[in-house]
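Chain lettering (A, B, C and D) follows the sequence in which the chains are written, and residue indices restart at 1 in each chain.
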Amino acid sequence: MSKITFIGAGSSVFAKNILGDVMQTPALQGFELALFDIDLERLKDSEQMLLNLKKTSNSTCTIKSYTDRKDALRGAKYIVNAIQVGGYDPCTITDFEIPKKYGLRQTIADTIGIGGIFRNLRTIPVMLDIARDINEVCPDALFLNYTNPMAVLTNAMITYGGVNTVGLCHSVQVCVPELFKSLDIDTTGVKWNIAGINHMAWLLDVSKDGVDLYPEIKRRALQKQAEKHPDMVRFEMMLKFGYYITESSEHNAEYHPYFIKRNYPELIERFNIPLDEYPRRCVEQIEKWKTMREELVNNVNLEHHRSHEYASYIFEAMETDIPFKIGGNVMNTGGLIANLPREACVEVPCLVDRNGVQPTYIGNLPPQLAALNRTNINTQLLTLEAAVTQKKEHIYHAAMLDPHTSAELSMDDIVAMCDDLIEAHGDWLPQYK
Amino acid sequence: MSKITFIGAGSSVFAKNILGDVMQTPALQGFELALFDIDLERLKDSEQMLLNLKKTSNSTCTIKSYTDRKDALRGAKYIVNAIQVGGYDPCTITDFEIPKKYGLRQTIADTIGIGGIFRNLRTIPVMLDIARDINEVCPDALFLNYTNPMAVLTNAMITYGGVNTVGLCHSVQVCVPELFKSLDIDTTGVKWNIAGINHMAWLLDVSKDGVDLYPEIKRRALQKQAEKHPDMVRFEMMLKFGYYITESSEHNAEYHPYFIKRNYPELIERFNIPLDEYPRRCVEQIEKWKTMREELVNNVNLEHHRSHEYASYIFEAMETDIPFKIGGNVMNTGGLIANLPREACVEVPCLVDRNGVQPTYIGNLPPQLAALNRTNINTQLLTLEAAVTQKKEHIYHAAMLDPHTSAELSMDDIVAMCDDLIEAHGDWLPQYK
Amino acid sequence: MSKITFIGAGSSVFAKNILGDVMQTPALQGFELALFDIDLERLKDSEQMLLNLKKTSNSTCTIKSYTDRKDALRGAKYIVNAIQVGGYDPCTITDFEIPKKYGLRQTIADTIGIGGIFRNLRTIPVMLDIARDINEVCPDALFLNYTNPMAVLTNAMITYGGVNTVGLCHSVQVCVPELFKSLDIDTTGVKWNIAGINHMAWLLDVSKDGVDLYPEIKRRALQKQAEKHPDMVRFEMMLKFGYYITESSEHNAEYHPYFIKRNYPELIERFNIPLDEYPRRCVEQIEKWKTMREELVNNVNLEHHRSHEYASYIFEAMETDIPFKIGGNVMNTGGLIANLPREACVEVPCLVDRNGVQPTYIGNLPPQLAALNRTNINTQLLTLEAAVTQKKEHIYHAAMLDPHTSAELSMDDIVAMCDDLIEAHGDWLPQYK
Amino acid sequence: MSKITFIGAGSSVFAKNILGDVMQTPALQGFELALFDIDLERLKDSEQMLLNLKKTSNSTCTIKSYTDRKDALRGAKYIVNAIQVGGYDPCTITDFEIPKKYGLRQTIADTIGIGGIFRNLRTIPVMLDIARDINEVCPDALFLNYTNPMAVLTNAMITYGGVNTVGLCHSVQVCVPELFKSLDIDTTGVKWNIAGINHMAWLLDVSKDGVDLYPEIKRRALQKQAEKHPDMVRFEMMLKFGYYITESSEHNAEYHPYFIKRNYPELIERFNIPLDEYPRRCVEQIEKWKTMREELVNNVNLEHHRSHEYASYIFEAMETDIPFKIGGNVMNTGGLIANLPREACVEVPCLVDRNGVQPTYIGNLPPQLAALNRTNINTQLLTLEAAVTQKKEHIYHAAMLDPHTSAELSMDDIVAMCDDLIEAHGDWLPQYK
């Protein structure tokens, strides 16, 4: 019996999406769905929810909870990772509150930026620990990483964990549909191509019957910018740099030095930037869980419609050998994106079939897009360097290379802020030298 | 109305396969199928045959013959190339008879070897001429090259013709099914992966549910080698080098210095090597055409079953955006196969969808396979050098680097043989200096 | 008779150094020294000065002024380029004054930053014009570029000018001697290795008898930082990033977002940053020239001691075949510095002998150094893109990717400032679209 | 006190050259010269000889013999390796006699070919053993490998031994002087450039004052070929492939499939090919040693003139920081020679100074030269693969890819011959599976 292991299964909503999808996929019937979480209560909730779904889906998959991670992983063919280390309280609070003292404001803090750096630093050791388990009990498994910060964690799992990993995010598949919806354009027959790095991949080409749609997209976007809307940062980036980005405006606001600027406080209003968005969402979700729990866990009529998350489609393609295309995060080995560093993790179209995830070759990005990617890759690679060498100086380097952090703070403030964050993390971080 | 142009449409059997497939593909209905050939009689035959097929297929495609190549190409979205320059008589006869005088025997002579070199030299100028037309009248078209020698012609079209080209051969898709049939193994649920160069691509991985099937394949192959069968060279190569090759035994016999050896005449018998196979086939085909013509051209009930040729599946994937996987010949730009030269044309899995043909990244081949590929790439690259520089010395170099030619003949004999071949080609070759 | 052509020979002091060196080099006796400048008065001054030097040096070189650039270049074996386009007045004034209106302060503005960008944009067309002359009248000449911004101009001459070029700067050879002098350390027997990009190359290794000298260097540097001194920015960079930089503190202050910050005005004082340093120097030089002219031009006893400028040593090594090592600016073809973009110009140790300038392979820089280099390469490559496409948007991109500019200004201010600069340049720039 | 360790010091003539050079180099005075050999008698002879030389050279170097290899290496700054594993009797005899039974004739058998393969296989384990010692007792030492087969042993020491190694051969420095002497051309002012692989590096460029000398060289070479002379193979290769090779005719005769051919026995006479040359030289040397021993070992007036061997010049450049240029064997990391495999060892110009051996970037070789190199690299890489995996099949692969072996023998004969050689080697080889 083949086995899919879900690490972090206590994330019930996400587990519902991924494993609910799996239970509706004919080629995956009969699989064991192995659940693991360090939060046993949430684990049990998810198990119960999935048992409900199993019935309403008429699935022959087996649902099983594990309290030992290695047992959960043993013999797995596929692994889905959705862990979060440190949680909202205390770690996310720390990620936002300490920088705020230095005048550094953030929106999401899960990719790069000072929050992204520390999210990586506390997550990488756990990931490499999982990698050690995998190498022991299921070395051939395919590891689907959904945990953020995507690029660095995926890089760590491949480069230092030695695990067959692809990083997944749904920003690629919803990019054009949502953009077109927001601009009221029909997507029928539209061709698009996306590549770059996670959360900053580029809609390189969008056309229909050989006609470039960008001029019309930009015309409508410019019009739309006249009024407030939730995607203003991304539109502005497109209007300035020529290409649309996969990740949302609230994310992109902090990837660049252009939007959250103490010298230009009016930009927050003008570009409709939701500072502290992520902690606000966390609080809401925690609140919402109380009612949602009822709907999910104790609802014997719980239903599910197959989502657009890649996981079940990847498993299906690997089981059936019917090709499926994803935007996957893989190492830039050999220079798939020729003008980005080889040691970076990139997001490129990948072919999936029985041979697994096979990245395609892209070549050069337009130079301004490669340049923007490189500013973020700088911080990514230095964060990874910090995590694997456990040298404090590389944490400072990562922060000093972050475009937003370095635009706002002096080097001394950056160092002091990092030291404060290290101290506040306590045992959530290993000892740095 | 979208247009598919078929250059060399006088090859009725192949045109039937490719365009018969097209007419049975829902997504391609309404396309114009533009036929071109320099042989007007054969062109008319193919047109008539396709009109028959159109009726029996209930296709809404339009069939149209052109006597001007540029007109045929104008506005094409897809181009299929199946030309042959110089034909059986005189050129194939020349390719075989002159080397034979020097004691150099061949089987097919359409890939590398002395015959492959001259087939390239007389075909490349015609290809680059077609490229010039394409750049003028349909610069965005996708060019599907089916003409041999595949690797060099495809390389020429991309590197020197500037045309968006993929080289196609059906040896990839039939490789495992035919091998398994010959060894009486079931292919259900079998996973395989193939990469290398055209006609010498490698079955790198063949497994089922994680179990490597090579040990069983080799056990049966070894058994089968005890008696005569038509695939002995390929089996021998697998038993010696560990991996199965995509192209047939009669081809592989002349790609290596191992089989046709004046010092070991017994190998011909032992490995069942059909010397002069290709001219024999040509004569047969010419003979057969007399009766076949009736069956194809004047048969109003002519039927067609969609073949395994890639062309219609590529067009379909590009029109529908439903991914399809091919083994395609593309440039090794950036080192898709990391241990083969970047300037070579390689055969790798490619994803096809609305974004066209997107090669996937392979990495290193096992070292013995890369080494065997490199011996053939040597001749390929020198042949291309000869064609584009029009320097005679590079023709000699190509021949002197050919593993079979250099094993059999002295340098002086090679040069003399090349000179004889140049002279015999007359106007089929441009002036070399 | 071999010929060395000096373009921009009106820079008398620099011409004295370079050609004074040449006249003292035995292997270069008898060479024609061809002088060209668009300022005929300064050209005549330099000619006169060199004639004086020729006498006091007992050189057999011939000195000749040209009023036609192509005549000056015709048949040259070596070319030295030291042009400045637009001069202090009006262009340098423009480079500093317009950004100042937007609150953007600079120190030197000759490398990157907004001033560096426009210095490139007005110089590249002139350089490519010189390249056209060279390809016509002395295609095999070695072109020594001394004009700033070094990295982009050298890249332009090689990539778009097709000229055999090496970019030269004396910051490499004086790096360790000046650092050690300032810290009172003896350089005897010290080994060092420098690589990176021009003006931001790194002292990667500095040791004596296998003992790393960096700990002692940093100890003394830290001590020295307690008081004001002229090299504070560079010391701070070393203490933060671990490695010493080749270019001076006044330059580095504007290459990074760390020093000139509106939110931290105290840093100017703390790190002793000379804002507007370059225009101040220009004014001084113009003033000084009045007296210096007498000393140089009309002084028949003028003497010269061979300087540390690379030019005469390069010519000497190429004439004598005795190897000489330089830090040269060359294309990063093939990835000499593996973790910097291939399309960038890098500064690496080069072997010079009769075979010319031969760059050596470096491999990866420490990740934080590669990251810092990449932030500047971003602007360099986008500036070059702007110059060769003549698209205004790429000027904006270059400025928006500049670490200092983007830290200080909003995107709208950057665009407005670029537009002001374009307008103020008038005919000093070609028409941008 | 700095230390130079000589492994294989029993090779008295070579030790005299290398260490005699060292004792005459001012910068190396006071060094300890540590001698090691497994043949204690020869070791003592060399020690005595060097003590004689020390006196006549007035050197302050210390000479010391060691019977423990690790003691000899401990603390070494430089290591010279000149070991030979298996000696003339039995191993060289085996290398020649067993292939001869199969009809395969050789000349030198120390590079590639069946003899070169087995010479590698028995030497690599000893080399990696030395590497383990070095990593323990002198990890920073520079290892100068003089032992053949150069390319594979150097590759093994770097890739699998982790030792800072450069491979050295005097074929580079004598290439042009000896060629010009044989053709009676003056070398004054001549510029040349050499790159490729060891024993098959190419004189890429030979010119004087910008004038290509190849036409004149080829004119004289063609004339000279009319009569018998000792360099006929190399001349023939140049006339056919356009470039002169660094290694001698007797070597090159067996690197290619062109000269020693059973079907063309007349080529041996025509190209003056000395079959079995190396064993003949060995017998002569052994014979000669009896008288030579007297001249060297017991001659208190023994003199030495500094040779052209690179070793003492490398040490001198590293001690004095005065640049020296060598043709060194280094890994093709990053593609120094862009059209040769990255995992090969290549011979390129290197800059030597206090920073050690720094290879320069070459780019693409002319395609026919890259092709010839690749045929030999094929065997090199497969030999290395065999040695590190200890899989017999890779020995067969190495032999089957060897151009000369595969031209002459069938696959079955190659396998049988390899098996015979493995058996004959007995304990000189580790156990293969």
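One rule holds for everything that comes next: contacts are C-beta pairs under 8 Å (C-beta built on N, C-alpha and C of every residue); 3 or more make two chains touch, one makes a residue touch a chain.
Heads up on the chains, UniProt names are A, B, C, D = Alpha-glucosidase/alpha-galactosidase.
Just so it is clear, the model here is predicted, and its values are computed rather than measured.
Visitor: Touching both chain A and chain D: give me those chains, sorted by label.
Guide: B, C
Visitor: Can you work out the whole-Å distance between the CA centroids of chain B and chain D?
Guide: 43
Visitor: Could you grab the centroid distance between chain B and chain C? Build each centroid from C-alpha atoms only and quote it in angstrom.
Guide: 54
Visitor: What are the residues of chain B that contact at least two other chains?
Guide: 338
Visitor: Applying that definition of touch, give me each pair of chains that meets it.
Guide: All chain pairs meeting the touch criterion are A-B, A-C, B-D, C-D.
Visitor: Along chain B, where are the residues that touch chain A in the complex?
Guide: Interface residues on the chain B side: 140, 191-193, 205, 210, 321, 323-325, 333-336, 338, 349-351, 353-355, 358-361, 363.
Visitor: Looking at the complex, which residues from chain D come into contact with chain B?
Guide: 103, 236, 240-242, 256-258, 261-264, 267, 338-339, 341-343, 367-368, 370-372, 374-375, 377-379, 381-382, 385, 393-394, 396-397, 400-401, 403, 406-408, 410-411, 415
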